[in-house]
Every structure is written in C-alpha cells, then in structure tokens.
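Below are two complexes that have chain A in common, paired first with chain B and then with chain C.
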Partner chain A sequence: MLIELIDVLISGITNGSVYALMAIGMALVYGVTKVFNFAYGSFYSMGGYLAFTVFGLKFGYFPVLIIAVPLLFLAGFATEVILIKPLRHRADWEMAAVMVTLGLAMFLDNTFQAIYGPFTKSLPALFTGGMELGPIWIGNQNMAMFVISIVVLTSFMLFLSKTRLGMAVEAVAQDMDGAQIVGIPINVVFGVTFAVSALLAGLGGILLAPKYFVSPFGGWDILVKAWVITALGGMGSIRGSLYAAFILGIIEAMVGYWIGFTWILFAWFAVLLTTLIIRPQGLFGTWG
Partner chain B sequence: MGHGGNLMKIKKDLGVLLAVYGLLALLPIFFHNNMSLMNILIISLIWAVVAGSWDLIMGFAGIFTFGQIAFLVIGGYSSVIFCKLFGISPWFGFLIGGIVAGGAGILVGLPCLKLKGAYVALVTFAVHMILEPFLKSDIGRAIGTGGAQGILTVPPLKIGSYVYNAMEPTPWFYTLLIISFIAFFIIYKVVHSMWGYSFIALRDSELFAQSVGVNAFKYKLIVFGISAALTGMIGGVYANYVGMLSTRILGLDLFLILMVMLVLGGMGRFPGALLGAFITMFISESLRYFDTYRLIIFGLLVMVLVIKMPQGIIGLIFPLGKAGIIERTILHFREKKAKKAEMIT
Partner chain C sequence: MLKVNNLETYYGELKILKNVSFSIDEGQLVLLLGPNGHGKSTFLKTICGLVKPRKGSVFFDDLDITKKSVLKIVEMGLTYIPEDRHLFTEMSVRKNMLLGAYSKKARKREKENLEYVFELFPRLKERENQFASTLSGGEARMLAIARGLMSDAKFLAIDEPTLGLSPSLRMSVYDIIRKVSKLGKTVLLVDQSIPDLADMADKIYFMEEGHVTHVGKKEDALKDDKLREIFLGM
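So, the complex of A and B:
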C-alpha cells in the first residue's frame, strides 16, 4: 500500500513537472498581455511535428533543438505582431483576441493534418531502461522529463528575474502604463512574451512526443489542461500555476490509478469548480 | 457596439428581420425540387438559431461562453429520450428539450456569476468537453443516450395525419422557418426590452450598471437561461430533422463553423447571426470536397474577419456611426432629386 502510494506520487510529480512547463507559458502570456491564447495547444503540436520532421532526417535529438527553438520563437512573435497587435486598440479586443487565436488554432491543426495525415506519429524514446530503488522502479524517460522540465523552469525564472528583458516583461505584467512611462517598449515585450510562450509549449511538445505521440489535434488536450492549471493557480500568476500543476499532476496520478483514466478530466474540473466557488480568482490570482 | 434605445433603430432591426424572412419564404417556390439546396436551407435555419442565441449571450450580454453546442446536444438528447420514454409527441419534445437545456444553462450560469472573462469561457467549455465522455459512459447509457453509437432512431414528427419525411423538404422548410422566426423574434424582443438594455449596460460597464440598480446576478442568469433554452429547443428539432443523434456534433469543426457564422454575420448586431449562418453554410457546402482544406480556409477566414471586419456583414450594410450602403444609396438618390429640382427652378 505504501509502495503503491509512493509509485503514484512519483508519477504524479513527473506529470506535474511537465504540466508546470506547459502551464507557465500560458500563464505568462495571460499575465503580461491579458490575451487568452487558444492556439497554445497548436504550438505544442508544432513542436512535436518539428521534432518528427527533423528526426526523420536521421540526425538525432540535438539538431531538433537547434532548428525548433528559433522557429517556435519566430512563430510566437509573428502571432503577436500579425494577429494580436491590430486588435489592441478595440474596446472588445479581449474577446476578439480569443477568436483570432481560435482561428489560428484551427488553421494550424488542419494544416498539420493536411501535411502529415490524420494518424499519430511516434518518436523513439530519449532514454530507455530505468533504475531500481529497493522495490520502487523509476523509468529513465520519466526521470529525464522531470530533470529537463526543472532545468527549463529554472532558466525561465532566471530569465525573468535576472535579465533586462525578463525584468521588462515582469514590469509590464505588473503595471502596463507605468512600464510605458519609464520607457519600456511594450510592443517588443508583448512579442517576446508570445515568442517565449510558444517556445515553452513547443519544447513541451518535443519532450512529450516519445511518450504521448504526435497528432494533429493532440494539442487540444494540452490546451485544456494548461487552461485548467492556470485557472486553478490564478490566471496570470506564474507561482500559482507551478503549485497548481503539481497538485493536479498528483490528482491525475491518483485518480488514474485508483478510479480510472476516464475520470481524470472530471476530477480536474471538480477540483477547479470547487476552488473557483470559494476563490473566484483562483489560488494565487488577483483581480485585474 | 452601442445599442441605443431609439425607435428608429428598433424599427430597422425588425424590418431587416422581416425582410430576410420574407425573402426566405419565397425560396421554395423556385427551388422545392432541389433537394440538396433545400437541405442546406433547412440546416442553415437550425444553425441560425444556435448562432443567434449564442450572439444573445456573447454579443449582447458580453458573457464569454463556449457551451452553446453543449446546450444543443443536451436539448436534443433530452427531447428524444423523453419522447421515447413517455411516447409523447416530438412537438412537446422540443419544449422539453428547451426546458431541460434552459435549466442546464441556469445551472452552468450559477458558478459563472462571480467569475470573469476567460474563467467563464473555461467553465462553459468544460461542460462541452465532459459532455461527450458522460454521454458515452455507463451512466449516460442508462439514461438512454445509446453510448458511443448514439441514438439511431428518433420518433417521427407528425402534424395531423401528415408524417414529416426526408423526401419532402418543403414542409420541413416552412416549419423551421416558423420555429426559427419565433426564436429570432424572442431574441429581438429580449434585446429591445428592459432585460436587453440591462444586459448591454452590464456588458459595457458592470460597475456603472450595478450602481444604477441593475441586478447583475439576476440578469446574467436570465440570459444564460434564455440562450440555452432556445438552443436546446432547436436541438430537439435538429435531432428530429437529421433522424439520429450522436456525440459527433460536439466536434471542434462545428464549433469553429458556428463561430464563423457569428463573426461573419456581426457579433452583437441583430440579426447578423441569421445572415452569417446562411452565408457560412453555403461556403461550407461549396467547399465540401476539400475537407481538411475547408477547415484551413475557415480558420483563415476567422482571422481575417475578426481583424478586418469586426462588425461583420451587418456592419457593411449598416455600419455604426455612419451611413451604410442602403442609407447611402437613398441619400444619393435624394441628392440627385434635389439637384434636379434646383435645375428646374
């Protein structure tokens, strides 16, 4: 019983670390630009398909990163400049932004389907095997996912707190007008925010491709999950998203193990709804 | 998107609605033998009601909901299940579909009362997301949803001794014309009533509306209820017309097409959703053989329309704040006439 519990907790924490990676990209965009990005899941799929395409050329995983990182960054930046910026002066721009990104999601997902076909693509695992700690067995793939997520998360946090650009991003999130007054170019910050968010989603896609496969509409599951996580944590709060990701990751592992996989999403929504009834702004959110 | 309460505007909205329905009523005279065209027209009328009631809550009341198709499915299933269980006429089934969906709408609206923007979208979209696994689950099957394959036989719709059938689209068309007209008339009446003004006041400034005594909770629940009830009612009609029900309507492609209808017609612009539904269905049907490319085109269309045409088709005909095509034409002729009169004198 105890060993079962430890097993479930380990799997929950591994899930949580990947979810944290997925959710902070969304929390960042919402916190800084106030846009709810519906195409977030499509950037995840884009990462997976980039990995699949480059990997198909038989170069291994390293070139995947060299090619995918700038492409994803560019895709995110272009999305902001072409689709979001023209809307910003409108009174109803938040709703318009959601619809534009929903259109983008449909455009991208169906383009993936047109190019790669409707069936799932698989990628070989980064690492095989595992290690034994007494009666507990930990797969190397899971371990690697955990380590990579933590490394990416930490470097993201360092980017926010230590670099000039990162600090500018945080300043805009805290007070858009104030940031503009002290001379921060908010349009650049918005673009970079979208780019970093697309990059995080795409990296998640590359990282999870060996485990969950790549499919044209696979991003929707990720979008909904990232959405629930950021809402539970408090939309726009990066700290809240981190806590929420681990809470929901562990809930997922427990429900999946003891009740059944079909009930995971129900459990997530139940937790979210109960939290929102007590705290409408989410765990760490503030009204704004 | 300001909606004034002046009489001119109200008359214009009703005039446009009547003109569109008048034109539609004439169509079967020319096309009653064209089965596929009649089918498109009927389906367009059904989706027009869904788009119209979505516009009521999203465009006019400014509540960001994504649960409209879920209410359509709830209404459709409950209508058919009640008809089968108690042997009642499908006409009552439509009403029951509307009542059940309206109740569900109020139930979903309750947790949304204190939430804002993207949270409301999430809670309503969650209903959409969990409806499919629920209908396919053992609980769903016990209620009579038919699980994964859905409901394959739907009790036929009758009027007197006449049984509606797929071979004769004209009676279906006129029935739907009347039902959808009633739905749009209700939406029109709601928009131009104290309720409607309260919705719009809450949309434009919730704080201000509350300070002049508009009860935000009450009106939000009312709009959730009405919008879901109209959609659920048409869900029952949809099930009867198509002759079967499955969870396939919950697919994302239909969600996107519904959004195209709204954006193309003009959000918060009565009766934009009606025009949007017809145009979108015709585009969709003409791109039928391009399947995947159809949705790529629709995705592009949504992006271009939202950025370049925020008021939709209705905005082209009647732009806010300046004279539209029709008014400009009238003005043009009036000026010509005045000039002629000047020339003579």
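So, the complex of A and C:
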C-alpha cells in the first residue's frame, strides 16, 4: 500500500510539473493582458505535431526541442502582432480578442486535421528504461519530463523576477497605465507574453506527446485542464497556478489509479468548485 | 518647452477639453488650478499621450508630439505623475523605483538618480524592500513622485500630489517639488486650490469646465474677485 502510494505520488508530481508549465503559460497571458486565450490548447497540439514532424525526420528528440522552441515562440509572437494588436485601440478589445482566439483555435485545429488527418499520432518515449530505488521504480521518461519542466519553470521565474523585461511584464500585469507612464513598451510586453505562453503550452505538448498522443482537437482537453488549474490557483496568479498544478496532478494520479481515469475531470471540477465556494478568488487571487 | 494649441479632448462623445491653449518655458514652475472634474487631469493625460485629442496640437521641444505614443513621449523627457498613483502594488518600493527608470535614457543615470531620490524621500529608503501595497496613503503618494523622478525627465506633469495628505506631509511634498524645480526641471503642477507654491510659480492657469479661464501671476489672480473667492477663500 505504501509503495503504491509512493508510486502514485511520483506519477502525480510528474504530471503536476508538466501541468504547471502549461497552466503558467495560461496564467501569464490572462494576468498580463486579461485575455482568455482560447487558442491555448492549439499551441499545445502545435507542439505535439512539431515534435511528430521533426521526429519523423529521424533526427531524434533533441533537435525537436531546438527546432520547436523558437517556432512556438514565433507563433505566439505573431499571434499577438497580427491578431491581437490591431484590436487593442478599441474600448471593448478584451472581448474581441477572446473571440479572435476562439477563431484561431478553430483555424489551427482544422489545419492540423487537414495536414495530419483525424487520427491520433503517437511518439516514442523520450527515454526508455528507468531506475530502481528498492521496490520503487522511476521511469526515465517521467524523470526527464520532471527535470525539463522544473528547469523551464525555474528559468521562467528567474526571467520574471530578475530581468528588466520580466519586471516589465509583471508591471503591466499589475497596472497597465502605470507601466505605460514609466515608459514600458507595452507592445513588446504583449508580444513576449503571448510568445512565452505559446512556448510553454507547446513544450507541454512535446513532453506529453509520448504519454497522451497527439490529435487535431486534443488541445481542448488541455485548455479545460489549464483553465481549471488557473482558476483554482486564482486567475492570473503565477504562484497560484504552480501550487494548483501540483495539487491537481496528484489528485489525477490518485483518482486515476484507485477510482478510474474517467473520474479525473470530475474530481478536478469537484475540487475547483469546493475551493471557489470557500475562496471565490481561488487559492491566490492576485498576480504574484 | 511645451506649447499646446487649441486642444480638444473627448471621452466618447463627451467634450472634456475645449479649445485649451497653454505654454510653459524651460525651467518654469506652472500651476494649473481649478475645481474637481473640470478637465485638469484630462489635460495632463493628453499632453503625456495617454489620451489622444480630437483637435489641436501639442509641441514638446518644438516637436509635434500630438500623435506620439506615451513611450516616445517618456523617452523625450516628459513624465506624468498621476493623481491615482498607478503603483505596482505587489512589488517592492525599490522595484517600483527601478521600473520608473525603464526608458533607455533613464537607465544610464539609474544609480545616481536612485541615490538622489532616496535622499529626497528618506522614508521610502527605510521601506525599500516592502511591497508598495503596504505603504500608507502619504507614502504611496511619495512613491509615485519618486518613481516619476527616476525617469530622469526634464518635464514633470504632476497631478494633485497632496490630495488627502495631512498638512505637514503636504508641506514636505511641496518642499520636494520646490527642490526639484530649483534643479532646473520644468514642472507643471495640478491642484484644486492655490497651494503654498503659488509664490514661486512663474504662471498660474485656471481651468473651469474644460476652458482656460485665467492665465497670469498670483497677483493677477488676486485682483479677480471670483478667483479670489473660489481659490483663495478670501
């Protein structure tokens, strides 16, 4: 029983680390721009398909990261510049932007379907094998997912707190007018925010592809999951999303193991609703 | 240094500024007075680029900045210090000040300016690692001014910096503005009533219902019965 519990916890923490990656990307865009990005899940799929394509060229996994990461960053940046920026001078731009991201999601998902067909694609595991710690077995794939997620999360947090641009991103999230009057380039911050967000979602897609497959509309599950995590953490709160991702990751592993996979989202929403009844602003209601 | 011609600014269909003309020379301290809600803040927001006018023009250092972005205007050396502060509340006092020096120009002199501004506001130095949200109303107002000074601007447009402050705090804020002005910075100060700075002001503007109704020195204002009553309470 104890061994089982440890196994489940390890699995939960691994899931949690990837969820944290993805939820933070969502919290970032919401926190900074106050736009709910419906296309978020499509960037997850985009990561998966990029990995599938590059991997198909027989280069192995590391080129996947080297090629996909800058492409995802560019895709996010382009999304902001082409679709969001032209709306921003309007008074009701936030709502218009939400609609545009919904349209983008449809467009991207159908593009994936047109190119790759409707069936799921699978990817081999990044690493095979594992290590034994007494009776506990840790798969190298899970280990790698965990390590990559933690490295990316740490770099992201350092970017926010230590670099000038990161501080500017945080400043825009806290007070957009205040940021403008001190001379922060809002356009750059918005672009970078969308870019980093797409990158985090796509990286999640690459890391989870071997585990959950890639499909044209698979991004919607991720959108729902990322939304539940950010809502539990407190919309727009980076720290909140971090905690919420690990809490829900562990719940997912436990429910999946002892009750059944079909009950996972049910359990997530139960936790979310209970939390929101007690704390309507989520675990951490504000940015930070 | 700043020249505004026939400015008209709207919020939606509501005309806020009506044919406002205004000028201020380098190094001057100019007061813009008038009752609440009569367009003073809108005027400042228009010259700093946050709000775009429908008609008229704004020239800064002989360059037309009417359609320029806030960012460009800040980089040219015009900084707006808003009445409602707009601080980054979930960041330390120090970070707020560093962000005040975000523009390229300000970054070069960030260290000296930080030292100088902390000298002006020893209270903020004591609290440099506290979150801005933990400051008292007076301290938050000081931080807004301090952050504005960090921009290394040559022109400061300050909106009601003493609103809601105790008389002694108000005096110290005026002292600071006096010091800044003596350094050679150009200052445009908005207030509701005539403050103690009136004596050293080079010019006083009165704004009512979006119009400039009076321009002149304090003495000129005293000659006008209505102004004397409204703004000086005498």
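Basically, the second predicted complex is superposed on the first by the 284 of 288 C-alpha atoms of A that agree within 3 Å, B and C clash if a C-alpha of one lies under 4 Å from a C-alpha of the other, contacts with A are read in each partner's own complex, and residues count from 1 in each chain.
Methods note: contacts are C-beta pairs under 8 Å (C-beta built on N, C-alpha and C of every residue); 3 or more make two chains touch, one makes a residue touch a chain.
The structure presented is a predicted model; accordingly, all values stated were derived computationally and were not measured.
Q: Just to be sure I read the superposition right, which of the two partners does A:Leu200 touch: chain B = first, chain C = second, or both, or neither?
A: neither
Q: Kindly classify A:Met167 by the partners it touches after superposition: chain B alone (first), chain C alone (second), both, or neither?
A: A:Met167: touches chain C, not chain B.
Q: Touching A:Leu265 in the superposition: chain B (first), chain C (second), both, neither?
A: First partner only, chain B.
Q: Of the two partner chains, chain B (first) and chain C (second), which one does A:Pro185 touch, if any: first, second, both, or neither?
A: After superposing on A, A:Pro185 lies in contact with chain C but is clear of chain B.
Q: So which one touches more of the residues on chain A, chain B or chain C?
A: Comparing touch counts on chain A for chain B and chain C gives B.
Q: If we overlay the two complexes on their shared chain A, which of chain B and chain C does A:Ile238 touch? Say first, second, both or neither.
A: Neither partner.
Q: After superposition on the shared chain, which partner residues are touched by A:Asp175: those of chain B (first), chain C (second), both, or neither?
A: Second partner only.
Q: Which residues form the common part of the chain A surface touched by chain B and by chain C?
A: Of chain A, residues 287 contact chain B in one complex and chain C in the other.
Q: Once bound in the complex, which stretches of chain C touch chain A?
A: 48, 50, 70-71, 74-75, 79-82, 85-91, 95, 98-103, 106, 147, 150-151
Q: Can you list the residues on chain B that touch chain A in the complex?
A: Touching chain A: residues 1, 58, 62, 64, 111, 114-119, 121-123, 125-126, 129-130, 133, 137, 252, 256, 259, 263, 267, 292-293, 295-296, 298-303, 306-307, 310 of chain B.
Q: Where on chain A is chain C touching in the complex?
A: So the residues of chain A in touch with chain C come to 164, 167-168, 170-171, 174-175, 177-186, 286-288.
Q: Which residues of chain A touch chain B in the complex?
A: Chain A reaches chain B through residues 30, 36, 83, 86-87, 90-92, 94-96, 98-100, 102-108, 110-111, 113-114, 217, 220, 224, 227-228, 231, 235, 262, 265-266, 269, 272-273, 276-277, 280, 282, 287.
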